[in-house]
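Order as written gives the chain letters A, B, C, D and E; numbering starts at 1 within each chain.
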Amino acid sequence: MVTANLAYLIPLFPLLAFVINILFGRYVKDKACWISVGASALSCGIAWPLIVGVIGGTTYHHDFAWLALGGVDLKFGYLLDPLAATLLFVVTLVGTLIQIYAIGYMKGEARFSRFFAYLSLFMFGMLGVVISDNFLLFFMCWEVMGLCSYLLIGFYSEKDSAANACKKAFLTTRVGDVGFLLGILALFTLAGTLSFAELHDAVELNRDSQLMITVTALLLFCGTIGKSAQVPLHVWLPDAMEGPTPVSALIHAATMVAAGVFLVARAYPLIEASAQAAQVIAIVGTVTALTAACVALTATDIKKVLAYSTISQLGYMVAAMGCGAMVAGIFHLMTHAFFKALLFLGAGSVIHGTGTQDLREMGGLFPKMKSTAWTFLIASLAIAGVPPLAGFWSKDEILLAAHQYGNLYYYALSLTAFLTAFYMFRLFVLTFLGKPRNPDIHAHESPKSMTGPLWVLAVGSILVGLPGSFLAHNWFQDFLNRGHEVEHPVNYTVMITSIALGLAGIALAFLLYRGGLGMGEKLARSLAWPHRVSMNKFWIDEAYAAWLVRPWHALARLLFGLDAKVVDGAVNGTGAGTLGGSRVSGWFDKYIIDGTVNFIAAFTQFCSDIFRLFQTGFIQNYLLIVFAAVVFILYFGIR
Amino acid sequence: MIIPLEHVLLFSLILFAIGMVGVLTRRNAIGILISIELLLNAVNVNLVCFSRVSEDPMAGQMFAFFVIALAAAAAAVGLAIVVAIYRTRNTVQTDEIQLLKW
Amino acid sequence: MFFGLGILRGMNITLMNFIRSYTRKRGSGEIGALTTVQYPEERLPEKEKFRNFPFLIYDDKPEDLRCVACDICAQDCPPRCIYIVKETDEAGKPMKKPAVFDIDFTVCMNCGICEEVCPFDAIFMDHEFEIADSDRHDKLLYHRDDLLKTNEHFHKIRPNDGREVDTRLAEAKEAKAKKDEARKKAAEAKAAAKAKAEAEKATEAKEDKPPETEKESDPQ
Amino acid sequence: MDQMFVNIKAALVGLSDKVFPDWVGVLVSIAVSIVAIALLGPLIMMYLTLIERKVVARMQNRIGPNRVGKYGLLQPLADGVKMLIKEDIVPRNADKVLHLLAPILIVAPALLVFAVLPFGRNMTAVDLNVGILFFAAISSIGTIGIFMAAWGSNNKFSVLGGMRSVAQMISYEIPMVMSVVPVLLAVGSLSTNAIVEAQADWHWFVFTPWGFLGCVIFFLCGVAECNRSPFDLAEAESEIIAGFHTEYSGMKFALFYMAEFMSAFTISGMTTTLFLGGWQGPLLPSWLWFFLKTYGLIFIMLWFRATLPRLRVDQLMALAWKFLLPLSLVNIVATCIWHFLSDEAFFTPAAFLVPLALLVFSYWGLMKLNQPYMPEKRVYPLVD
Amino acid sequence: MPQLEFLIKCGVYGLMGLGIIAAVGAVLLPNLFHAGLALAFVLVTIAGIFMSVGAEFLGMVQILLYVGGVMTLIIYTIMLTGRLGAKDVRAQNRQGIFAAIAAGFFVCWIGPLILKTGAWPQRESDSAPPLLSVEDLGMSLMTEYVFPFEVLGVLLFAVLIGAIVIARQDRPS
């Protein structure tokens, strides 16, 4: 019933919702949420049958000539292959759930309709990215997502921190996007085509120009660094927490950041073609994972902890891509989307309930917020990599790939896995167990509309890992690598070490924080130096401020000075010059020209005074003159 | 021709001179008009005499005929104007009518 | 009906007049006949009621003229052109005859008022109008003798009036005569009555001296 | 009999030729005609006064002057003597020159016109070939005389009277000249002799429709031109005293009187020459015919005087400008039609009827147009 | 008939003399009415000259138009504007002398010039040229000069209306 060419409608429904909400926001008011939810539900309705179709083996692809650019005409259209299908499944499901959750969370907010309008616009961007079949359309939707993240982070625009955060997020992702655009241009010059389908053949064709391929790959990877918050450009994500929690959940957990990884997946043939590019990607991924994990250890704000955990997990996915396991990266992306969204929504209901985000003031919330606690526990276990849950399977795949790629990467990623498990459960223990540290907080369970999605995501976190496990004979991996068969070696040692690391982390966390913060402070004092490093986030922000912002300001001041002195000087100089010149010509004009004119006037006045005497007014005088003149002229003439 | 042409021309010349003197000296507008009639008649005499002598006798007389008609027309309008002036300025002395604006 | 027909009809009348003036006899009174009377030679019969200047009338002798110089006509004459002086007899007592009776014909406007007011039918308007004269002041101031005309002249020029006046005079005479007799008789009767009355009064005086007041006034 | 006077003149010229050189003959002939006219003019005028008084009297059922002379025949002499005797008063600060010149300038044109009248067969004093134009020009000089009389007598009433009569004369001059044009069209020449010859053997123009109308218009305008009968507004006693010749008495007044009667005669004479066939006539000598016809017209003038009341000023003007002028213009058109329809024969029926119809129609139309404004009858609702 | 010729010559010269005298009168007479009449006289003399030259029609037209029409106009205007004989009013303005000089010079210079040039377009044969009859005038007026004739008609019509409008009394304000 749902034919292929309806695929266009998937992104268009949220766009329609956005238009309705933004234009008729005043009339729709609090009913705006239902329009957005409805639109995303409709998208799901169209997308899932198509996904089933893709699972069934067909790949839907249709494009139309959009722009004739010189000899080449750029085609736009949609491509539904296994990779897009998985992303489509994740985005539509998680997006709809988060929007339902947001209804409860955002009730009573001032600009309620506008919030949902931006959400719908974001869904349009994300869905556009997922189903687009070429880099240019991909890039356009990518920018729409950037805009939405800016708008949503800066939703509480009256708070200065939120305004700065959204600007910071927008600018840093902008830096990445520039690289991405250059990458597209390079790809266009290299391969002559931007379409994903033809990419693989085009690369094969130009395999010899190794440098060009590496450069294109790395430039495209810049987009990922910016958007998926990899090491140099990751600073905006922690500040992005200023936005409302559903925004963090949707954009900074499940979808937008995942788009970077999706980009690498799409550009995978390029990466396969150049080893250097893959190595760079792997290194960046691993470094990001490790540093983020360290910083998360000492974070006190619940949402900051989750932000740094997202950065480290993204580092994991990018590292997987670098290590040659694109499938593992995507698998971990899918599973991470579920439990990270759940963690954020859980944090959101905790904040909603307690009204504060600081871990030090929470504690003992378990009896009060039963369902949030339980779902939070499931998600923590999943992310920590406890076997039956989704996190274990995907993380295991990545560790396996890392192990095959290089031991150094493997050891780093394993350490990260241990740290992840530790800070997750530090978080869990501090918020839910023990005694409430702040007496005047009266936590209360969130309403049904919020806890519902939590439970659905919890189930998702549990089940979504299974299709990629060896229990299901790695169905997911085969699904993704439909083109070419890949064997699935099972390395038990890697699996066991990862489980061990996870449990160790959990135990350490319980030990340290069961009695409240006491043990933590003592440890912090003992390990003073590393604690301070982690607390200050490796001083990256300060570094940027020092090395980037201040010189920039200096340059600006320099230019301003230059402008003030040189340019203004020149202008004023010419002004003064013309003034002087005009004074001279004024003098000339006044005395010479006016002089002559007045002289002429005076002269004619003088002469006319003489002739005035003739103008007597008597007609006969004139007649006499005329007659006399005629006579004399005749006389002298004829004589 | 009963009398030689020169004499008639002299007569018209004298008549013309007298008319001219009249036009230049008369103070009364109607006096001027009368003198102008004199001028025109002097010219007429010339015309007729020459027509009498020249090969094409018709031209002169015809011209004289038209001069008479036009002189009548001119006199009519001139006198109408004089009457109009008299009615507004209450005088027909030319040296009292010299201001363009009254 | 047609522009100009009225003019033609009018002119037709005058043309007829012109023609008839020759064809019809002069003075015949027909339409178009001439009406002129060559005055000095022919004359129109005078109308009786025509009046010109007045004249005094006398019956048979110029002396006994009817005018008694009562001066009524002089009073009533609008331009006052009549001047009367009474005749006085030798004793200086004015008589009933005018000594001087002048009428100034240049002033008289022949109105005929004197004829009407004259109680004694002494003055009448004459028909004589050809009285032009060379001198206005003397000749036209007619004196008494110039004005005198006989009653026959009056009858001649105004037969009816003359007859009427004479009959009236005659009756007046008879009436007077009768009245005289009546007055004579009355006088005698009164004389006799008076004689009787004295006789009776002589008798009454002795009988009563009634106290009643005088009632009737003695009518004059 | 017919050429009696011509023979007399020839005899006289012959007499002078015997005595003087030949060129004197020409002068003599001129002198004779001048003397004839000089005598004829006043004579006619004198007896015209008598005729007028007799005729008008007859029309008013009275005899007219019959005291002086046998049938009043010496009356003109009496009048003449009276005029001579009368004292010639000149108003105090009147313009003496004008006062004196005026009568001269009025009588002169009247006399001059006699030169053109064709009294009989080749008895025209001066046979100008612009005869009719001469007549029109000379009669227009008369207006100046009237102006001089009016202005010279230094009397407001005479000035007003003068203005009125000049206006009248000018207004009637135009229809008069226009009514003459048809005759010129028919004859083709301006000379009076030619006109009379063209009317030989009963071809009198009066018998043609346009001729009759032209004669009526010409005659009416002529009457108006010499300020007589219905148009004598200027000197009417009841109007502004005696018009422009109020201040005149004695001989000067006589001159005015003479001018009036002479112009009456000339108008009638011109009418006869133009329309009634001049001296054309079956039996009697030519000059007798001329005088008969002329005196017939004069009788009509007198007839007018005896019957018609005087016209008001505006009626006078209206008649000239709004009735006679248009009628004479239509008359010209009628003549053209007559001229083209009548193929040589004088009395062709078509040529007679079509112009007649046109003229009757235009006469009726103009009559309708000139219908005096009759305010609609006032209705007094309350009354009935 | 030389004597007749002589008489006529005297007549014409007399006319001219009278004309000049009348012209001088027209120009100099203080009383405007007299000046007007003098002009009338000049016009008549000129008409006479026309006749002597053989243009009878023109002479008659001159009398009819000028004396009948223009003179009437002039006299009407004189009457309307009044104040004629006022003694105090100078008839001539002050530039009499200059005018006289200019005119005098004009006459004295052109007069002898006329007399000197004998080369007038004398007719070859001394025979009197054919007298123009009224018929010739009429024909030429209607054929050769028909355009000016028509224009003249229109002009006179315009003048007629113009004069009335200019001189009318009750000027509609």
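Quick note on the criterion: a residue touches a chain if its C-beta (ideal position, glycine included) is under 8 Å from a C-beta of that chain, and two chains touch if they have at least 3 such contacts.
As the structure is a computational prediction, the values presented were derived from the model and not from experiment.
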Touching chain C and also chain D, the following chains: none
Pieces of the assembly after leaving out chain D, positions unchanged: A, B, E | C
Furthest chain, CA centroid comparison against chain D: A
Per-chain Cα centre nearest the global Cα centre, belonging to chain: B
Farthest-lying chain, centroid of Cα atoms versus that of chain B: A
Whole-Å separation of chain centres (CA-atom averages), chain B against chain C: 84
Mean-CA-position distance for chain D and chain B (Å): 33
Chain centre separation (chain B, chain E; CA means) in Å: 7
Separation of mean Cα positions, chain C and chain A [Å, integer]: 158
Set of chain D residues in contact with two or more other chains: none
Set of chain B residues in contact with two or more other chains: 20, 24-26, 94-95
Residues of chain E touching at least two other chains: 57, 61, 69, 76, 93, 95, 98-99, 102, 106
All pairs of touching chains, each written as two labels joined by a dash: A-B, A-E, B-E, C-D, D-E
For the chain C and chain D complex, residues of the former touching the latter: 2-3, 7, 10-11, 13-15, 17-18, 21-22, 32-36
Residues of chain B defined as touching chain A within the complex: 20, 23-26, 32, 94-95, 98-99
Contact footprint of chain E on chain B as seen in their complex: 1-3, 5-11, 13-15, 17-22, 24-28, 30-31, 33-35, 37-38, 41, 44-45, 48-49, 51-55, 57-58, 61-62, 64-66, 68-73, 75-77, 79-84, 86-87, 92-95
Residues of chain E defined as touching chain B within the complex: 5, 8-9, 12-13, 16, 19-20, 23-24, 26-28, 32, 35-36, 39, 42-43, 46, 49-50, 52-55, 57-58, 61-62, 65-66, 69-70, 73-74, 76-78, 80-81, 89-93, 95-96, 98-100, 102-104, 106-107, 110-111, 114-115, 120-123, 128-130, 132, 136-137, 140-141, 144-145, 148, 152, 155-156, 159-160, 162-164, 166-167, 169
Complex interface listing, chain E residues touching chain A: 93, 95, 98-99, 102, 105-106, 109
